[in-house]
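Have a look at the structure below before the remarks.
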Amino acid sequence: MWDIVKLIFPYAIAYTVPILVTSLGGLYSERSGVVNIGLEGLMVFGMFAGAYIVFLLQTVAPGLSIWLGLLVGMLGGGLFALLHAFASITLNANQVISGTAINMIAGALTLYIARTLTGSGNIQVIRGLPRVDIPILSKIPILGPLLFSSTYASTWVVLGILLLSWFILYKTAFGLRLRACGEHPYAAASAGINVYRMRYIAVVISGMLAGLGGVIILVTYSGEFNGSVAGLGFLALAALIFGQWKPLGILGATFFFGFMTTMANISQVIPELSIIPPVVLKVFPYVMTLIALVIFSKSSQAPKAAGQPFDLGKK
Amino acid sequence: MEYIIEMIDIYKEFPGVIANNNITLRLKKGEVHALLGENGAGKSTLMSILFGLYHADRGTIKVRGKEVNIQNPNVAYDLGIGMVHQHFQLVHNFTVTENIILGSEGKQILDRKTASKKIKDLSVRYGLNINPNDKIEDISVGMQQRVEILKMLYRDAEVLIFDEPTAVLTPQEIIELMNIIRNLIEEGKSVILITHKLKEIKLIADRCTIIRRGKYIGTVDVGKTTTGEMAKMMVGREVLFNVDKDEAKPGEVILEINDLNVLNSRKTLGLKNFSLSVKCGEVMGVAGVEGNGQTELVEAITGLRKTESGTIHISGNEISRLSIRKRYETGLSYIPEDRHKHGLILDYTVGENMIMKLYYQEPYSKRGILNPTAIEEHSNKVMELFDVRAGEGNMSLASNLSGGNQQKAIVGREIDMNPDLLIAFQPTRGLDVGAIEYIHKRIIEQRDAGKAVLLVSLELDEILDLSDRVAVVAGGELIDVVNIEDTNENELGLMMTGVRREDMHE
Amino acid sequence: MNKKNSVLVRSLLATGLGLVAGAIMMLFIGANPFEGYFYLVKGAFMSVERTFNVVGTGTALVLTGLSVAFAFKTGLFNIGAAGQMLIGGLCASTVGLLVPLPRIALLPTMFIAAALGGGLWGAVPGVLKAKFNVHEVVATIMMNWIAYWIAFYYIPTFIKAEFMTTESALLPAKASLKIPWLTELTNGSYINLGIIIAIAMVILIKFILDKTTLGYELKAVGYNRDAAQYAGIKVNKNIILSMVIAGALAGLAGFVYYCGYSQNMQIGKLPSLGFDGIAVALLGASSPWGVLAAAMFFGLLHSAKGFMNAITGIPPQISDTIIAIIIYFTATSLFIERLIKKVIARRKEKAKDAKGGED
Amino acid sequence: DQEESSSASLKVGMVTDAGTIDDKSFNQGTWEGILEAEKDMDISTKYLKPVGTTEADYMKEIGNLYDAGFRFMVTPGFKFETTIFQVQDKYPDCKFVLIDGAPHNADWSVFNTADNTVSIFFAEHESGFLAGVASALQIKEGEMGFIGGMEIPPVQKFNWGFQQGVAYANDKYGTTVVLNAENIIYQGTFSDVAAGQQLAAQMYDKGVSVIFAAAGGVGVGAINEAKTRMAAGEDAWIVGVDLDQYADGIYEGEKSVILTSAMKHIELAGYDTLIAESKGEFPGGKTLYLEVGVPEVNPNLGEAALAAMEEVKTKIEAGDIEISDVVGDLFP
């Protein structure tokens, strides 16, 4: 079993990271009171923007182009999220509808633009991020092979974002205000906080992180943009709820998904696992999530105002 | 500089409603200035404009003689203006400290320790008795109000606006609040106080500005004006303050509660070994500080909450294991505390709301199919009987009714079911005197028709006006049941703190 | 303006804005929007076959749209129509392929199987929501994937085609919803018995929601759970029931799609119609007739976009983009409508003022 | 305008199979052949992508093309078999080129390639065989693996041919390449990029050095994994499929992870039939077998491997080597 775990771990982490960072994006948005069903679309859009930059620059500056791609993917996701922000914050639209529209627009529009720009719906990346063993740390017994071997730089960036998010949310004035906007926006407003602005910031951050997640998929395991992220945005949303709207909960939830899915994916080539009917392995993460949700259901920590438009009656 | 605040000719319109139609209000430094008006008169709107939450369409605001533009609450705080809202603006799962520093945290990285210390100091100085580390959801409403006050003090507000602060308080808490307000005045602050209770205005205010339907009526010197005069200015007609009622003629026991134990939302016993019996033809008032078991009692009777042990009989039938609907069918009606949470389905029409508990019965439906004619007839009847006014009659959405009309609709619906036992939980909360008068009359009519009424109210005046007997609760226990003639406000207030009558007269 | 009219206006407004946005995008790539839309309409109605194809293409969308709309009405968001549809199709196909019954009995059995299968798939999130307060959005997403993988392994194991493991066997004619003479008459269009089922369901759901105590209860729970409980309505029962009905509708979508439109099932696919159902429900403002109209409109776009593309060179993604933009505008049209009202009110006021300012 | 100028020339349409037009494989090959023909003759071209992959979806797009005036259509994939069976009669004035399949009715009881239709087949097993021989000869010893997409006939044939090729190299050229049953798998989709990457990673981690990926998007993931490894100095090769995938495998300068590719010259399907059509020689009603093999240029193959491959090629052509296109006692 240990051998299997050791074998799976680095790839499970690689698979987890984009979901994790997207889910963290969702965390900002929902903590500010804006439900973001559009994470999937934001990922797609960010992935598209990043892929296009990498595509343009990879022959000129291979290493740099990847990091630029990550940056532009973030910006692209953030920019695209403005559409959701505008509808759900400025226009007080139904946030679920707006998010659904974001998903639909991203899928259709990126392919439409990709065709026009590159003449091709698919955008390929020559080479993604390298995978490296962290010197010294990868030699630590147990933890070394699990955590510090074959890692992507992006993984550490995302873990940094995770820690930073925790700190921002709970230790800074910005975080306090953000959470207040998601729990009781009118209280926040009466404390002099510009709820609209906070929500805009949060939704844009969620777009940036989801966009980053999209590009990470591209520069780590997929190497190609094809107009879809295969439902990972929805998984990120589920992980957000499963993780009870908390950074560490989200880490746990996404890693659980990542590990189980990876295990199911590769069970075919691992004789020890191939005795289990594949359908069981495939279905396992989803069934377990349902069970976990039942167990945690007693203490739901959902932001109280998430999904409710905020309207001060201003003209 | 005579006035610290001057609001001149303030005009504010909401879609379809002119909330403020050229209202003028001038606040002197060091005074308590009351703002009086019916529900929907525009009081909260006016104060929200002063506090920077809304923007006036027209009009001028001067602070200390200088014209200002209050863009948002931050500007208001900078000008030394703070506000305690009618509905508390507190984040329930934040601590007291977090709520108070929210929006004026100082540095970007939170320093909760220093803030807590400052809050503790303020709390001691003004006698507020607050623990900065408590979570809001764990403290009483009275305490929450003090947090709101601390929020203003923390920001060095000079002008403090209180929007209906006493509506949610117990008599004792009201007295304490009055003391706090006096402290504030002594420390050199000025206060604007919104309240529907003329008695309170008399007690503490220096001057009073009265508005009606968004229009400025006048400003009076409280010392030189009677409550009757003020009430007349407010509603535009004479108001009866006391409910006329004859002697009660109590009959058989209809509601019998024995040794009832009920858990509260925090999973501890909210009602302990509670026993009570209510007779036909009487109004049984339940007096108590909020959160002392009233909700648990009422919800246990109606079935919204499970009981742990004990029995509840209505007309001799044990009902504590029956479904909610079965209980209503035994002749129980219930005017709920929160009209928006429980009382109405705001997206349904008034007509649909009128059959909320009847829709499955003939003639409103037959074999699962609704009968629109019967529904319409029924709701028109109730609306007429109880003077429910709505733009499109029974086809109006409930959400489009004003608060008073919503409440009248609920009262009408419940009384029209001709219940043997009517439970009325805070039936007039937040309503103006006109609406209160009307609802009180209906409750007494019910009693006079030989029906039982269980009236839960946090307002002692209401209890004293309507009840024949009063059950006082404290800490989830029944303290005592007293006849209304044998008691008075002071005694009830003391009992509500948990002191038993025997102990009082020693 | 009463509520119904204003909903209609809003949907039309959104559609209009979506089409305008589509026109702008066509201009952007140098195409002529009038030509584009002309061929879109021509592609939909230029022949009997094509006209009926619009209906045939929209049929399953009516049911997925109805599924989502019904859940909406009762306060639930059903993202799980795709999975419910898949299971419904699986059940119907299994019956169609394996149960030896004459057509007259087989089709009703398949109908029931599909409704039961979809209903069961809806019941799980319903129960989780009612009993454990598990958010139905997550639960239905999970159920989608579970359905996906079950179909993935079920089809090759139990109902696979003779020469292929990735598809189910083609349904025999007696198990197909196609009506040979009608197909013939319409030159081989996709119209089939499914449209009867779809319209019947529209009428049934409309009736349930508006005219029955069941609908009264379901909507009450949807609008205000606490008030419904206060009124003595069994909230949990209604939540579950609502999801079961929504699931059954989506299951029937699987029936009409897999047994009427495609005649077999393929593995490795969550039907996109499940998600399009969300769009249909939104554009149809969750009202049954609105859903029917929206589904037909989407059917038109889906069935004619290829023709437009073939003639004009405007990429077919334009129609997906138009649909997406329409949905975005349905979300925001309430605001736009208010804006328009305000402008009108201002005008009136000015007119009044001009009259002399009395009153 | 556009319509006018093209009205004179033949309108040639294509309906894609699952996947995009630039799938580096089937659709792309077919489309490139048509575009190639467009350069050489007076035709206008267009492809449509159906929403799904059911017969109804295909019929719809063929109808769209037909109604828009297209009278020559190329459809890639055996999934079009039943569709073409119907449309060849429905649209008798239109010509159809069906790649990888022969028109038949729903229950396979009637096969009929009408006069306006030509069926085109490829011997994928031969292509797989050659690729197997070439890669075995190149690495000489070690382990190889196979990742298929869905378990459908063309992919299966690639697999079986590949296994026979490796065995042949071991037998006749003394290589010692191992193919373990556990390393021969079908992922189950043509789209799960993540699973492709993870499966390839596992195989490489367990010592496999060459993976034959006939798996669409799943293959994209596998190629991506190979690139990451090769860039880090590991031996991680991919055998490409359908087209010469060398360019897709480039990870640095000119270096590619694609050892060789098991090709079928799909582009010839459209090109050859269109040229024939222009000469009035459309091979209607016929079934054609088109060329398969490995690319002309294989920068990653050494002299010895190339030479041996030529030898094998001649033997196959001469019928000296028999390659089975059924599973027999191979790994399924």
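Note that the chains are named A, B, C and D in the order they appear, and that numbering of residues resets to 1 at the start of each chain.
Rule of thumb we're sticking to: a residue touches a chain if its C-beta (ideal position, glycine included) is under 8 Å from a C-beta of that chain, and two chains touch if they have at least 3 such contacts.
This is a predicted model, so every value here is computed, not measured.
With B-C and A-B as the two chain pairs, more C-beta contacts join A-B. Taking each chain's centre as the average of its CA atoms, subunit A and subunit B sit 45 Å apart.
Subunit D has its Cα centroid 35 Å from the Cα centroid of subunit A. Mean C-alpha position of subunit A lies 29 Å from that of subunit C.
Residue positions of subunit A touching 2 or more other chains: there are none. In subunit D, the residues touching two or more other chains are 191. In subunit C, 152 are the positions where the chain touches two or more neighbouring chains simultaneously. Under the touch rule stated earlier, the contacting chain pairs are A-B, A-C, A-D, B-C, C-D. For subunit D in complex with subunit A, the residues that touch the partner chain are 20-23, 145, 182-183, 185, 187, 191-195, 197-199, 201-203, 205-206, 217, 220-221, 223-225, 227-228, 231-232, 248, 250-252. Only residues 15, 302, 304, 323-325, 327-328, 334, 336, 341-348, 352, 356-357, 359-360, 365, 368-370, 397 of subunit B touch subunit C when the two sit together in their complex.
Within the complex, the subunit D residues that touch subunit C are 2-3, 13, 46, 48-57, 59-61, 63-65, 67-70, 82, 86, 90, 106-108, 150-153, 188-191.
Per the touch definition, subunit A reaches subunit B in the complex via residues 171-174, 176-177, 179-180, 183-184, 186-194, 304, 312-315. Note for the complex: subunit C touches subunit D at residues 43, 46-47, 49-50, 53, 57, 152, 162-166, 170, 188, 190, 261-264, 266-269, 272, 302-303, 306-307, 309-311, 313, 316.
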